[in-house]
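Each in structure tokens, the structures are laid out below.
The following pair of complexes shares a single chain, chain A, combined with chain B in the former and chain C in the latter.
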Partner chain A sequence: MSSWFALLIFPGFLYAVPMGWLMLWLERKILARLQSRIGPPFYQPFFDFVKLMSKEPIPRAKGEDVFYLLTPLLALGATLGSMTLLPILASSSSAVGDLVLFIALIEISPIGLVLLGFFSRSIFGQVGAIREATLTIATNLPFITALIALGYASGSLRLSEIALNAPSVVRAFALLALLFCLPIKLRLNPFSVANAEQEIYQGALTELDGWRLGLWELVHAVEWVALSGLIVTLALPWRSGVAFLDALIFALLSLALVVILTVVAGATARLKLLQASRLYWRWGFGLALLALVVSLFPFGG
Partner chain B sequence: MDAKISLFIRLVQSARGRSPWLFHLNCGGCNGCDIEFLACLTPRYDVEQLGIRLEGSPRHADILCVSGPVTRNTQAALQTIYAQMPAPKVVVAIGSCPASGNVFADSPSVAGPLEKFIPIDVYVPGCPPRPDAILEGIAAAVQRLKARPVKGKGDESHV
Partner chain C sequence: MSIFEILAENLRQGVVTLRYPQRFPPPPQYRGLVQIDHENCVGCASCAQVCVSAAIQLSEDGKTYRWSYEPAKCTFCGRCVDACPTFALQMQADRPPIYHRPGELAATYTMVYPRCEGCGKSFKVATDILRQRSYTEVSPQVESLLRLCPACRQKEAIKLMIEARRIKEAAR
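Moving on to the complex of A and B:
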């Protein structure tokens, strides 16, 4: 399977974008049903995107527009790139150390949001950027520790080998820690501190209009697919070998993960920045550390 | 070639009609209309099934919902916020205040009515109007939004 196919078709652009829209819709729909509303129709994120791209935003200086165009495109490319590293199919060949590359690529979009918040020169954008940066550090501590534990326990930094060989005890603890990091990376309740709509008008995105906002909505959709995809590929210790079946299982499990995350988000209220980061430094990191300690012992392997 | 262009225009118009995002601005009203407006977002009326979303930033919005007679204090903010919204945009005047000043008319602190400052597309009369009436007004505003030219020239595309 060539890497161009992976980047552009599966699990890249042609899969990730419609799937991301489906996930954004599922999130809004489940939230609506939990509040006994009917909720938006399934094509909602697609039409939101088309509308945003077709608006005529207020003209800005050319230099600013270069920034507004390049940051989301870079984040989109990086997130799609991280998707290609996921060992979804049995035939997915992964390079040495693609775990490290995955961590690097998935972090481009938070960094882009932080830059964007400061660049927008809006007080809400700056507060959003500070919150995003604080939470990125707080969440990456357990996130990376859990991935190190998985890598150490399976004796490899290849995602495909980790997915197939990681011992089950370590895998259970590490996946719990990774799952714990997901709401903050997707900016969901109760950790939607950086994009709080009511307090800071969606933080870094406050000053964006038209296509500038539309591109970031697209990045967010693809982020959903990539991060839920990471959990699903690492949770499944086997591949059927039939490409279509593996892809289908991957897609369905990703959607199931969206349901879990949305139910948690719908049932909780937003925490404060201090509470959220303390939760990750203490409990998230504690869980990941447990996975790391277990991976050092032979019964973990 | 023409068929392709008209298909594109139809897609864009359809998208505009299916995803109108609102920005809500109180220009010195008594808060009565705002309570009725927020009732539209509750599960009973559930505007999200029409793709409507209440946005915190005017830059994200398509429809500006104004309530209140425009007071001297809010007049500058109103004009800034209208200018920040990307075209195509429409304005809904909620309640009697933005239309006529209502009971606040001729007050020295009132600079309105609203039409002195920005062009209005839809009036929703009432003091306050019921949520059903506000929804009807927003539905009319969506039709105006769809009718805007797809390749307009900024604010002048206003009809």
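Moving on to the complex of A and C:
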């Protein structure tokens, strides 16, 4: 399987974008039903995107527009790139150290958001950027520690080998820690501190309009697919070998993850920045550390 | 009751909202589109004076006046209704219909001023409500005075007063 196929078709652009929209819809629909509302039809995120892209934006200086165009495109490319590294199929090409590359690529979008927040010169954008940066540090500590534990326990930094060979005890602890990191990386309740819409509008995205916002919505959709995809691929210790079946299982499990995250988001209220960071430094990191400690012992490995 | 029980209860209860073209009826005191009652309007422009969003505008050229209302600008604050001395304005108790561009619901009303029976000049009309307020009892004499323009009315009223005094003195 060539990397171009992976980037553009599966699990890249052609899969990740519609799937991302489907996840955004599922999130909104489930939340609506939990609150006794009808919720949007399944094509709503697509319509939102089309609407945003076709809107006449507020004119800005040419130099600013270059930034507004390049940051989301870079984030989109990087997130799609991280998708291609996921060992979804048995035939997925896997390079040495692709775990490190994955971590690097998945972090482009938060960095872009932080830059954007400061660049927009809006007080809400700046507060959003500061929160995003603080939380990125807080959440990456358990996130990366858990991935290191998985890598160490399976003796490899290849995602495909980690997925197939990681010992189950380490895998369980590490996946719990990774799952714990998802709400913050996807900016969901109770960790939707960086985009707290009732307090700071949309955080870093406050000043964006039209296509500038539309592109970031697209990045967010793909982020959903990539991050839930990471959990699902690392949780499944086997591949059927039939490409279609593996892809289907991957898609369905990803959607199931969306359901879980949404129910948690619907049942919780937003925490403060300090509370959220403390939770990650203490419990998230504790869990990841546990996985790391277990991986050092022979019974874990 | 834990939050999960509440969510489960919400799921059991099912959907309580409606899909868009369907809507719940508005409350009885709902402030909808402003409507003018042509019969009562005297063209005093109080409504245009108090309208914060300039949705109501009045223009006159001496012979007619034009009352125009643009719902796309209206904030539905209801101050025009409060300000109207002749109760010519009302607000619909229903939501405005769906419209797609500004100006689609705009309403205008042009009133031609009546002509004075004495001099033939156009003048602002006094409606029934205003007559009731100003004269409490509208006699046929007042009625005939009100068909004149203010200048002619003044002359006519003075004539009537002199006439009345003359009759009084003759009687004495």
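The definition used in the following text is that the second predicted complex is superposed on the first by the 301 of 301 C-alpha atoms of A that agree within 3 Å, B and C clash if a C-alpha of one lies under 4 Å from a C-alpha of the other, contacts with A are read in each partner's own complex, and residues count from 1 in each chain.
Definition applied: a residue touches a chain if its C-beta (ideal position, glycine included) is under 8 Å from a C-beta of that chain, and two chains touch if they have at least 3 such contacts.
All figures in this text were calculated on a predicted structure; none of them were measured in a lab.
*Asks:* Looking at the combined model built on chain A, do chain B and chain C fit side by side or clash?
*Replies:* Pair status: clash.
*Asks:* Output check: A:G77 vs chain B and chain C. Expected answer is one of first, second, both, neither. What do you get?
*Replies:* Touch partners of A:G77: none, neither chain B nor chain C.
*Asks:* Contacts for A:S54 in the overlay, against chain B (first) and chain C (second): which applies, first, second, both or neither?
*Replies:* Once the two structures are laid over each other on A, A:S54 reaches chain B alone.
*Asks:* Which of the two partners, first being chain B and second being chain C, lies in contact with A:E197: first, second, both, or neither?
*Replies:* A:E197: touches chain B, not chain C.
*Asks:* In the superposed arrangement, which partner chain does A:R37 touch: chain B (first), chain C (second), both, or neither?
*Replies:* both
*Asks:* Is A:P167 in contact with chain B, with chain C, with both, or with neither (first, second, both, neither)?
*Replies:* Neither: A:P167 stays clear of chain B and chain C.
*Asks:* Which chain, chain B or chain C, ends up touching more residues of chain A in the combined arrangement?
*Replies:* So, of the two partners, B touches more residues of chain A.
*Asks:* Is A:G286 touching anything from chain B or chain C once the two structures are fitted on A? First, second, both or neither.
*Replies:* neither
*Asks:* On the A-aligned overlay, A:L213 touches which partner chain: chain B = first, chain C = second, or both, or neither?
*Replies:* After superposition on chain A, A:L213 lies in contact with chain B alone.
*Asks:* Tell me the contact category for A:R28 with respect to chain B and chain C: first, second, both or neither.
*Replies:* First partner only.
*Asks:* Choose the clashing stretch of chain C with respect to chain B from the list 24-32, 114-122 or 132-140.
*Replies:* Clashes occur only in 24-32.
*Asks:* Once the complexes are superposed, what residues of chain A are shared between the chain B interface and the chain C interface?
*Replies:* 35-38.
*Asks:* Report the residues of chain C in contact with chain A in the complex, numbered from low to high.
*Replies:* 3-4, 7, 10-11, 13-19
*Asks:* In the complex formed with chain A, which residues of chain B make contact?
*Replies:* 11-12, 14-16, 18-19, 43, 46, 48-49, 51, 56-57, 59-60, 62, 83-88, 150, 152, 154
*Asks:* Under the stated contact criterion, what part of chain A meets chain C in this complex?
*Replies:* 33-38, 263, 266-268
*Asks:* Within the complex, which stretch of chain A touches chain B?
*Replies:* Listed in rising order, the residues are 28, 32, 35-41, 43-44, 47-48, 50-51, 54-58, 124, 197-198, 201-202, 205-210, 213.
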